[in-house]
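Listed next: structures, encoded as structure tokens.
Heads up, the next two complexes both have subunit A, just with different partners, subunit B and then subunit C.
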Partner chain A sequence: MPDSKKFIVSHAPFWHDGSHITTRNYHTLLAALPAVIFGMIQYGMPAVGVVSLAVSSAMIWEYLLNRITRQPVTIGDGNAALIGLLFAMLLPATSPWWMVITGTLVAILVGKEIYGGIGGNPFHPTLVAVAILMLSWKDLFDFDAALVDYEFDFAVAYPLAALKHFGAWAVEGFTPGGLLMGNQIGGIGSTFGLGIVAGGIYLALRGIIRWEISVSFLAGVFITALIFNLADGARYAGPLFHLFTGYTLIGAFFFATEDSSSPVNFIPMLIYGAGGGILTVLIRNIGVYLDGVVFALLIMNIANPLLDKLRPKALGKVI
Partner chain B sequence: MTAKNELQLAYGIAIVLLIIGILSFTAFSAKPPEEPVRIMFKPTAGKVLFTHKTHAELGGYGIDCYTCHHHPEYDESALRPCGDCHSQTQERTEPNTCRECHEEGELETENTPKRSDAFHDQCIGCHKENDAGPIECSECHVL
Partner chain C sequence: MIKRSFLGLVKPKLEMPPVPEGRFEIKAVPTPGRVTLLLEKPKDPRLASDTVALSKGDRVKTGQKICLSSDSTVYTLSPVTGTVFQVSPSIGDFGTTYIAVSIEVEPEDVFDEAFQERMKQPDAALAREHLSALPGSPPFGAFFRENASIDTLCIMGVDSDFLSTTQRYILAHQRGALKRGIDGLKTLTGVERIVLAVPAGADPQLVDLGAEVREVFTRYPHTLPQLLMQTLFGQTVPAGKTCEDLGTVFFSAEAVAALGEAMQHGRFPGHKVLTVTGKDQTAHMVTARIGTPVREIFNMLEIETQELDRIVFGGPMTGSAVYSEDQPILPHTDAVFVQDRSRIPPISQNPCINCGECVRICPARIPVNMLVRYLEAGRYDEAADLYDLHCCIACGLCSFVCVARIPIFQYIRLGKYELERMHAAEANHA
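Right, the complex of A and B next:
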């Protein structure tokens, strides 16, 4: 039991009462649903299985870790469920079950609980898990290989892979409108751009995420991609392609904006978002990875405490 | 909602989703199609994505099944992995598979290329012949 006579003040963000956190998490889960349901319809039972297993296993891991560390059980706040759902949204629909539960364990344990639970994590827990899994089993994130058995009425090639391997001509068939409507393969919940944007706007209006971060992230992606595209249009795809493929949109609205790993002041938020966007395109265009969102955001997560030191100067002068 | 209700809701969600998850991975798991739609080969030189169905379909390139699945000629028993007969490493040997249909030692194996040569000869051979489809290494192999 904590010593009830001591009042512990810790680093932002502050946990002011349980129900508030809970509503935020449940609203975020709700906002993610359109994109998730779209993915389930597109990929069928395998997607349903991955999503259900990811959400439930994340909750169960957190329950077990709470028990093992003799802390109060915290899964009521919906945060574990959210971490699991976001994890599933990035995976190919055919991910094996052991990959799903390994991922949620890494997310909950290494991403969150070792920092003392919600609010203490310096990185987005889900991104930590995805990065570790990508480095350990990169074949599992090869969407072309994972989805070989699916047939759709659009080109079934992972757009970012086609771009990297064959150049900009190979992705000319993808129109921005089609990409936004989910006519592309990718993570279960990360291809239906329109649904993700709708969820993001809902969260921004509710004050659950900061629009400044999302908008500056998207602007960073757009401008950097535009510069590359203008410099060499045969090798580098246009800005709208980069906005609507891979994890860009889900990153902008669901990952960059996580409370405890993103800044709270205005200018730092803009730098944080734009930095993530710029790095994303740099990794995509000149790095070895197909998609840069995960690593770009983790790098900005590291920078976050420094960024938040950029504070407005106090008025007046101390003599 | 009180903290206790929240917790009960969470337990409920976790259990229901766990059951759905397990069922989807076991009872309702999708069976792979009889005829492959696309095939991802993963040799050392880099992955190759082969649009199997598009190659065979009339709406695609309309190639007859038995143009590729060539032995024995025009027979369903030919619809099997090329590697069954074209061995991975050794050139011009007689794999056990031959003995399913032929007597041991009856055969000349002179003409049976090893697996990767079989692929290269067949795939690139036809692409060259038709002047359509990839011929350069990097158009097929990606790292």
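Right, the complex of A and C next:
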């Protein structure tokens, strides 16, 4: 008795909870918007230009690389746009165009595509790009020089640079409340602490980022900075200053939590986050770089596969 | 379909929807003109020529035993009286082969005397030789394995998967048969400890049935046997072992009720209870003869199917899709549901993005994110040695929550199947 109708035959399960990579990336983009829009308002058209160029060039690179490597075109999943946006958020508003497109090329090519695209990258693609650019064109990340033409009703001095060069007294003018509200100079999307925290909480509640990583990262920064501060209050700034300046907040919520380069088990997440936080403050306080977030997170990214070996014993496992 | 909640931070609550109060409306599917019985052939290739001692034109009676020529422990009992119309091979998933016996049904049931005669002296051999084919497939074979020492029977008064209310229906409405079935189990198997797992808040009068009543979670996956072993008995099933190895056998409530009915009337009860869910997601309770083509049930319930829909026997997490509406109802089919083509979630070719949803939801605490990488690469041995492939209890939740929509659970099943095949081949050549 042949049956004319053809049915879909597949294996269980037949239900899915509806989550999708694309939704995840779009919601991350959405969560980053408050900080980006604040940066655009603060720095005006140059910031708009950098953000637009970064997002669009990242997507174009992804498309070209998909084509060249003859892989399915994946720009629709929003990941390239996200990498571009996060890259722009770390840059000074006056970054030259060639630097932006070089950065996105490095992010997409070296950070992501050579590992096989989304999910294969051992490091956060944006952090790879920023690290390489920071080492290649150090001057372009000098926020004091880059933003010298701006006038604000707060001190136009990069807080971390002031701290490094002049000690803790130089940053006494920065109040935690002011820093959180974005009264500081820095990357386009990395100064408006309140917006970043709001976006981060949104992502954590939606289950898109793993809150354990963010919380332990912030705790690591806070505790380490507190210890330094207690040891020598004249040289080392207080913990709140470290929390709200530089890339700390954006690092905690948008970079440390990148899926592919961070652990998934509970204890490894705590170690990973705390390790990143501790390294950040160590680099800031006793290293040569102004901000340690980028390198601290890249180092923790390397440790990720090893950390994730710490896992609970499986049900009924016999050794 | 259960969707991810807006607040993704909380684990999804996979509660089984409660069974509606009061009387169920249960519809009887009329006996179809033709039924098909499936006998699973042994995997051993030397027995490929296996067949049954029946050919076209032979007459069978209700309750007559039909067994494989090579192995009389593989058998089924005819649920109808009629004439054999066709004996043909049939295939299932993962290389399973069946012999399909189609029977042209006569309207009047003539009950098989051999079965009736045999039911008069119930003993362990009867259970083994006849009663495994009862509706609900009671696993009497477990008592006759080598080194079997079964000391506990657990009767499942809860449904293990979604979209099925069959076991809870039996628990609520076939108390008499259940009670007789429990008594029968005691005589047939000699096992003293019989536990009845019921949903929380069930009728306190269930104690009268003569089994130890225990309330269990009705939250998936806690309704699966391996996790019930933990909740009920505090025992963990070691990887690669079964509940039977620990001395516990799970019976469905329906199997026990069918046993009770068979003991009472001395006849083979050829009907089984099914939960059928249509495309509009309304559930219907029906009784149908074993072997009824699913098409007949859809016709009666006016469920229309179209090209590229999906018909699933069993629940959405653990069931299996069938390729034809001619597929017969099997003794252990608790539920049937139809999924509209527009509601079938697509799977994708995306790689794992390491979001960790599967790791957090896995009840067996398997590092699924790593496991799936090895399985995708076909490295099954490493998957088993390093990443706990054999600890999987087959709940399917990893695929259910997968953000990248990887068919993880299918990879897991494929991995287990390939390993089994490899080891069987090694054993054959040793």
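The criterion applied here is as follows: the second predicted complex is superposed on the first by the 293 of 319 C-alpha atoms of A that agree within 3 Å, B and C clash if a C-alpha of one lies under 4 Å from a C-alpha of the other, contacts with A are read in each partner's own complex, and residues count from 1 in each chain.
The rule is short, and it goes like this: a contact is a pair of C-beta atoms (placed from the backbone, for glycine too) under 8 Å apart; a residue touches a chain by one contact, two chains touch by 3 or more.
Just so it is clear, the model here is predicted, and its values are computed rather than measured.
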{"item": "Contacts of A:I118 with subunit B and subunit C, given as first, second, both or neither", "value": "second"}
{"item": "Which of subunit B and subunit C A:W211 touches, first, second, both or neither", "value": "second"}
{"item": "First, second, both or neither for A:A198, with subunit B first and subunit C second", "value": "neither"}
{"item": "Touched partner set for A:R311, first subunit B, second subunit C, both or neither", "value": "second"}
{"item": "Subunit B versus subunit C as contact partner of A:I21, first or second or both or neither", "value": "second"}
{"item": "Which of subunit B and subunit C A:I132 touches, first, second, both or neither", "value": "neither"}
{"item": "Touched partner set for A:Y150, first subunit B, second subunit C, both or neither", "value": "first"}
{"item": "In the superposition, subunit B vs subunit C on subunit A residues touched", "value": "C"}
{"item": "Contacts of A:V73 with subunit B and subunit C, given as first, second, both or neither", "value": "first"}
{"item": "Shared contact residues on subunit A - subunit B and subunit C", "value": "18-19, 77"}
{"item": "Complex contact set, residues of subunit C against subunit A", "value": "1-4, 6-10, 12, 93, 162, 226, 236-241, 305-312, 314, 316-326, 339, 341, 344-345, 347, 349-357, 359-360, 363-367, 369-370, 388, 391, 393, 396-397, 399-405, 407, 409-410, 413"}
{"item": "Touching residues (chain side subunit B, partner subunit A) in the complex", "value": "1, 3, 6-7, 9-11, 13-18, 20-25, 28-30, 32-33, 36-40, 42, 47, 49, 53, 138-139, 142"}
{"item": "Interfacial residue positions of subunit A with respect to subunit C in the complex", "value": "1, 3, 5-21, 24, 72, 77, 116-120, 204-208, 210-211, 259-262, 264-265, 308, 311-318"}
{"item": "Subunit B-facing residues of subunit A, complex", "value": "18-19, 22, 44-46, 48-50, 52-57, 59-60, 63, 73, 75-78, 81, 97, 139, 142, 144-145, 148-151, 156-157, 161, 165-166"}
